[in-house]
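Below are structures written as structure tokens.
One chain, subunit A, links the two complexes that follow: it is found with subunit B in the first and with subunit C in the second.
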Partner chain A sequence: MAAAKGGAVSDELEKKIDFKVIGKSAVRVDGKAKISGAAQYINDLEFGPGLLFAEIVESPHAYARIKKIDTSKAEKVTGVVKVVSGKEFPFRFGLYMHDRYVFAQDHVRFVGEQVAAVIARTPAIAKKAARLVRVEYDVLEPVLDVEAALQDDAPLIHPELAKYQHVPWFFPKKNSNIAHFRKVRKGDMNDGFKSADFIFEDTYTVPRYAHCSIETHGAVGLFDHSRRLTVWAASQSPHTQRHLFAEALAPLGITHKDVRVIAPFVGGGFGGKAGVSMEILAAALATTVQGNPVKVMWSRAQEFYNTYQRQGVVAKMRVGVKKDGTITALEQKLHWDAGAYVEYGANVVNAAGLSATGPYRIPNVSIDSVCVYTNLPPGGPYRGFGYSEFIFGLESHLNEIAKKLQLDPVEFRLKNAIAEGDTLNYGGKMNPSGLQECIRKAAQEIEWGKKTVSSDPKKATGKGFALFWKAPAMPPNASSTAFLKFNEDGSLNVLVSAMEIGQGFLTVMAQIAGEVLGIPVEKIRVETPDTDRNPYEWQTVASHITWSTGNAVKKAAIDAREQIFDTVSRALGKDRDSLYLEDESVKSKREPAFGLKLRDFVINGIMMKDGTWRGGPIVARGMFMPEFASAISDPETSQGGKPNVHYTVGASAIEIEVDRETGKVRIPKVVLAVDCGKVLNPDLLKGQVTGGMVQGLATVLFEDMRFSDEGKLLNANFTDYKIPTAMDVPDEIVSIFVEHAQPDGPFGARGVGEHTMIPAAPIIANAIEDALGIRLKSMPITAERVALALLDRK
Partner chain B sequence: MAIVHEFEYLKPKTLKEALHAVAKNRGAMLLAGGTDLVGHLKEGSVAPSLIVDIKGLRELKKIVLKGRILNVGALVTFGELMESRVIQSKFPVLTEIAGKVASVGIRNRATMVGNICSAVPCLDSGPVLLAMDAIIHVKAVRGGRMIPAKKWFLQARKTAIKPGEIVTHVSIPLPEEKGAGCYIKLGRYQGEDLAQASVFVWMGKKGQSRVAFGSVGPTPLRGTRIEKHLKGKKLDPAVLDLAKELVSEEVSPITDIRATKEYRLHMCKIMLERALLSAEARIRGNGPKYGKSLI
Partner chain C sequence: MMMKKSISFQLNKEMRTIDVSPNEGLLEMLRDRIGVKSPKCGCDRGDCGTCTVVIDGKTVRSCLVLAIEVDGSELTTLEGVMNQGQINPLQQMFLDKNVFQCGFCAPGMILSATELLEKHPHPTREQVQEGLAGNLCRCTGYTPIIDAVLEHGGCKGGCRE
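This part shows the complex of A and B:
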């Protein structure tokens, strides 16, 4: 019953079929708060009349040396409290590599980088005074292109790279712009290509993207007179932020115990609010105005250029294949435009490198995944974490190969699809997977092979298919914990520190606790955290919290259950092994007549005949760490470790109608089949499929980030950076769930949040090729690009 | 986003009071819907010393049909154009144009006159007013002027209005002959967008045709060569092909962040063809519903 070795939860519940709440579409526990407006977001919180506002002075240059900062004029403006710049905070910090600064020091490395801040009584005064801060620069030639940054004579963007502290699984190349080089070697490439009948080679390009959360980043810091630092932040990572604030501000004498992060509801994360980006400013600035809270709210423009962006990639690949469609070898060279600071983005490069074969059984593999500094905004985590990027090229290329071999693209994929027990790129074994079933069901749903014809002669129709996979990318010891406490009426508070970012996390945690304890979801409260009160969580990223925090909550619930059984058996003399929980009561298999309501004893205990009491308030805990994971492997091959805890796989198919004159694409139907193990809440999972698919389709059809020749982002707004509206959603989105249980997941669940957007780009590219015979090898594939490609062909 | 710039604010009760305020104050700017002005204030791209809020001048909020002249007051919003019974029955293509402007929230505040005063190249109201030979009526303390649409748009964001003048209304002469119009706007997706290019056409039963383009030059452009070519002709494939060929003589698109000149030119041809055919079908009574997406 108890936790198995390695931290995994194995319990008789796994064998139970008739779940009460698991697998049911429980109503969201945060629904009423959100619909009524009671839910508070960072900008809703009140801080009283002492609240100060900070405006950031930003670099207008992509690369320059700071000669002088003159703050005297700004300081004289009435209402200005303080002007702060890099000299107050000469500290480096970062999540996986310490290469980022609170404020730029001697150099600025991207347009929009924070150089100084004005703290004032009102936002208008701060903004006005910020314009009066004079910064003199020596402008340097920026490096804006990944291939240019890799040239031997390229300027070094981080000459101190070799001195930077980083995690042991990064391999920076000194005296270069390569911040990390992930090398994967499996099998024998010579053999692989020799045994191939054909070798197909091509290059695919994916540009940068922005998360576009509806709520921008914001944080409020308060450093009180007892030197207690509290930060309220729109955050995916309260504990990690606390840790990074404490690390970065340690020179000021601040320790972990002094730092508290409070995270209200979040209006969209998608990876952008993970780690620490602009939040460091609220933490640092607060220390300069002790006793006053100071607020930093990002504008929409800042949200685009000074948080994280999804990194661009140039993917060169060679694939060896036999006539019968067997893939014998894959070589991938992925060059990532990681931007000015890579403290988080380098791990995207790492994760993609380990998995860049996609969900295929390929015996001989060579992958170079290279993290390259450029003078563009910092790259970082974005839903999909590198997988969306390489899957675009890979699934486009494999479709082309199938076509050239005159094989059906679905049959070709079925033939090479990875299965449970197959050897992964780093040597481990593939976890349970219903990939074959996903492929067949997605193909069936889209009526693969049946050609549709539009009634409008101007329109061509096509179908596209792609596979996807993804593993959580996280440190091997990334952990989750949970506290659980009862109230007098038998209701329950579950305390966790993973974040509700719209996905329904709080609800699923309530379901897990409710299932173990026989309590309905409506009687369970789960809220967003305060790091002082809630137990540790690494971060809400990597599609890992249903799995990881879910395991912790389940263990806490089991802990509570065991305490309940202890009390009841001790006080009432019941045979402990016969006890079980149902309908908010303790019952006995041996005594059908026995039933004791939880509310009768979970706080006050059970009174004995002599008037003494047994038991007392039930307070439980649970912890989960994947003790089987390891990030240590041979740097030349990546063989030897177990960096990934599991892969979630699936297949996606689409039907499109494209106007031959305008290039505009309409989507009558899109299908996504995924095996994320046991589905804990089908409605919430459908929400993930819908949201992820729409987000992914936008990256291929509309979103188009443009930089000037000087490295300035030209469309840091929704006027010219287009994300879909309700009118741009496909006519029909079909979710198919295949359930092969994850042995170490709560009730058999695996992660799924990010995966639903990963195949969106290649299904469009493949459907356009099917409809028009045109292969577009770079994203985005806008109506304009389709129309111009058709004109070119004429 | 905070507004840093400080300014005086006046909400006049009469047009006369408003005219005197703008006459006295060279740095005055008018506030009607404010959908452009407030954005510009936040960005700091304008710095008025006085903002004259004309929303209280009820006489500017009228839609009146006098004979064949349709008058649209300066305070009439795009939302009101869409809902106007008179416009729906006498000049329904204007509801189609208004419906393509931005989103519901913006249309509830933004005015057509504000749109032509901002005079950005992508304005939706430009092509129709140009093609229909509309007149812009302005007033100043010393009296009024009537400016034809073709003389109104001078450059991108520059109109014929002079300091001290206020636009009171726009009058659109509706043609004697029966006919129908069509407006097609190219955007990057189905949601609200600024036009990458736009085409307005109006076809009369007796062979009159009017054509104008938006977003393919610094100002809206009239397709006079195309109009001449189409006059009195049936829209057979050869006539349409020649009309499309003439497009490159009428427009001068540029490449910018919203589209390349190649795509703009290509789409002007495609949109012209579809707009002409739709207008013709509307005359016959079997055309697409006003507002339906045709691209």
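This part shows the complex of A and C:
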């Protein structure tokens, strides 16, 4: 595949094999701050004695009309500064669709929705006064189930849907609860099913999940007396937040240059801190108490029910297949429970719809991915962005098909696995892919085909296998930029605005700049951004920043290098083409004896014989936008356009031991093989595999979100919503890296952060089927569910 | 207004005296009134362990303790485990192995690991898992942390009982 046009970074470095920094496990640049307690998160920042605290008044109903809000009692409490409700902010906002409000207007649409806020001198006073705000409701019948919401007579959750502003690639259906309908049609389904020997049909369901970052959301807003709005936030999206704040608060006369977002370290994101959710409250409330900073910190319970949740899905699928295992057709109907507001979640539905075949070569495809409003908390981005959800059903179903055809599930997958150049669902071509190699290596590592037996007769053993893929879901013009500036000692500051959320982004950017400029990582500082100082970045989501921001940093480093060569050749008369950078010096291929330390001139320049100077401070810039991408396609088929910049693919395998009485699963070994192109930092990548896999295993083995019949989340805490502890991890997690370079990625890298949790659910489901002969078609597959299924069979 | 009481305790080897309300939480006092920020608040109900501090040699979730209870005690937070301004050998191991990601759980996790290694200088894998079970981490999948503690204890993969 030729390097993509437009944004591609082509440079002789791509051919360089003996990297100094790239491909090495450099120690994290933020490591010392994090192991010493020096790292500051939102709640560690000090704002002085003027800091105010906001407490939110929440809806107790899933669906109701607000009749009256009486704030008079709360306002009388000593220490209360202001009580604010929807009437102060009658503005809609959102990332991809403007369907969300700062505070509820005439209706509340989920339990926990913000109706009003009390701003007070202390958190305790705010809390006490919030209980005194009286809200009268007309309670309405909530719509809590996705299929019920699709009925013709279902109450409309957003009657004004047709008026909402949205991106051009969304297709809402007016007078329905369908906020977006992504339709994919490729080939001819009649032919596809006609040429099949068998058609297998089934339905799989995946419930909602919570991100469970250990740090909850928090934001502090300050609207000063010059009408400048600064927001400090635990954020994956500083620039997008600035943009959305400026858009939402434009009626108050606030413009982009007046808004500044400062993002300290983030205590876990996983998608939850992308876009704008609760942060809008800090921004809006600040404007009501000019001159005073106001803090909004989410409690653990609020973190569960009023940020974003991973959306639930009901997946109905039909697969046509020949006797020899060739897949001829796939039909997927994905009905997503997207919740009360879908300004972000609708794009999850969109992305999943475009890719719901999984990494398979299927000539005839029909996919309906339907975004449905319900009266549950807003759905939104969660590591995997819809792929974990459809891969559970798809990979479970394909495993069943292999078994029914008496084919080996791994051979069956190998036969149909997508390869470079194959036609994608929307018509584009598949990028370089080591999928076949990933499948073979994962199978070999788990000793596929070799049956393990437990010495304990109470235990059954089994193995499971699944493939995965994912592409970044982003607007086609999502861009990254970077500034580079040198210091007097030749050390370097890299200014970027993508976020360090734990993945090691800052370190990898230092590695990229260091590789180009011949500077060790220890001499490079990269920090979390301030939108006033750091250049533009869309958001830290979609597993795309190593690729996208990495390209911008690399271009900036090349820009710096060219300035350096320019100065040296101009001042010292050196042949420009002979110059190169190594060991923090400029060297020459022609003159081995020549060496000029960067520290000797990158700020002060080079002095000439007459005492004048050449050069000066080196300040460089880089920008990357994928100019080849387009989200415009035929709404009836999704053909045309190039919505996805690349897919990262892989395979995963697991060995389990299940207790036949308790249903408890133990995992001796799990393997994940992935091709994310050139591995830039093996330690950090391994960290993504280990952490992502355990997070994925948790969704299938432990986490179990429960709502009451009235739509209230019943287990919004870590006692009742179980995430794994150190006791719950597999005995062994093996990472395998296959490296087929991404032509337009920095040093050949492509994204990987989300992918490692995507196959976790189906490998467990398939291993349980292998061990017990029971196919569980809905998640989670907790010990209780396994034990009950075993009882049912008896 | 409830009567405030003056309490004294050692914090990271320094004697501190402060007036506290009877209902004031220890985590709140440390973070908001004394300015020690390494203990974090992740759940405020003793589930997550990010607020872990050491009181008289034992790790405790400071969100479940009243400030008034530490009168006369010896307290250590992550700020107090450094060696003359430098990170200690266990921290160095965590740093070299790139074990933490977002770092939010690190202060509590390091204190729990320190206590575990004092109790079991050469721990088995199970002992490490048990010793860290009270500290939730959502990023790492625990494995790199467990492995680093085992290596610090002298046995890669875990010592035998």
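Just so it is clear, the second predicted complex is superposed on the first by the 789 of 794 C-alpha atoms of A that agree within 3 Å, B and C clash if a C-alpha of one lies under 4 Å from a C-alpha of the other, contacts with A are read in each partner's own complex, and residues count from 1 in each chain.
Convention: a contact is a pair of C-beta atoms (placed from the backbone, for glycine too) under 8 Å apart; a residue touches a chain by one contact, two chains touch by 3 or more.
Given the structure is predicted, the values throughout are model-derived calculations rather than measurements.
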Applying the touch criterion given at the start, work out whether A:C212 contacts subunit B, subunit C, both or neither, answering first, second, both or neither.
second
The answer to whether subunit B or subunit C touches more of subunit A is C
*Counting only touches as set out at the top, which of subunit B and subunit C does A:E784 meet: first, second, both, neither?*
first
Which of the two partners, first being subunit B and second being subunit C, lies in contact with A:S299: first, second, both, or neither?
both
### Message
Per the contact definition in the header, classify A:G267: touching subunit B only (first), subunit C only (second), both, or neither.
### Response
second
| request: Return first, second, both or neither, reflecting whether A:N43 touches subunit B, subunit C, both chains, or no partner chain. | output: second
- Message: Quick one: is A:L714 in contact with subunit B, with subunit C, with both, or with neither? Answer first, second, both or neither.
- Response: first
Quick check on the superposed pair: does A:T423 touch subunit B, subunit C, both, or neither? Answer first, second, both or neither. neither
- Message: With both complexes overlaid on chain A, does A:P724 touch subunit B (first), subunit C (second), both or neither?
- Response: both
Subunit B and subunit C footprints on subunit A meet at residues 299, 719, 724-725, 727
The answer for subunit A against subunit C in the complex is residues 25, 27-28, 30-37, 39-41, 43-44, 46, 211-216, 265-270, 299-300, 501-504, 683-684, 686-687, 690-695, 717-719, 723-727, 729-730, 733
Subunit A partner, complex, touching residues on subunit C are 31, 35, 37-38, 40-45, 47-48, 50, 77-79, 82, 87, 91, 94-107, 110, 128-130, 132-146
Per the touch rule above, subunit B residues touching subunit A in the complex are 1-4, 186, 188-194, 196, 257-260, 262-263, 266-267, 270, 295
Seen from subunit A, its contact residues with subunit B in the complex are 122-124, 126-128, 131, 299, 659, 661-662, 664, 701-702, 706, 714-715, 719-720, 722, 724-725, 727-728, 782-784, 787-788, 791
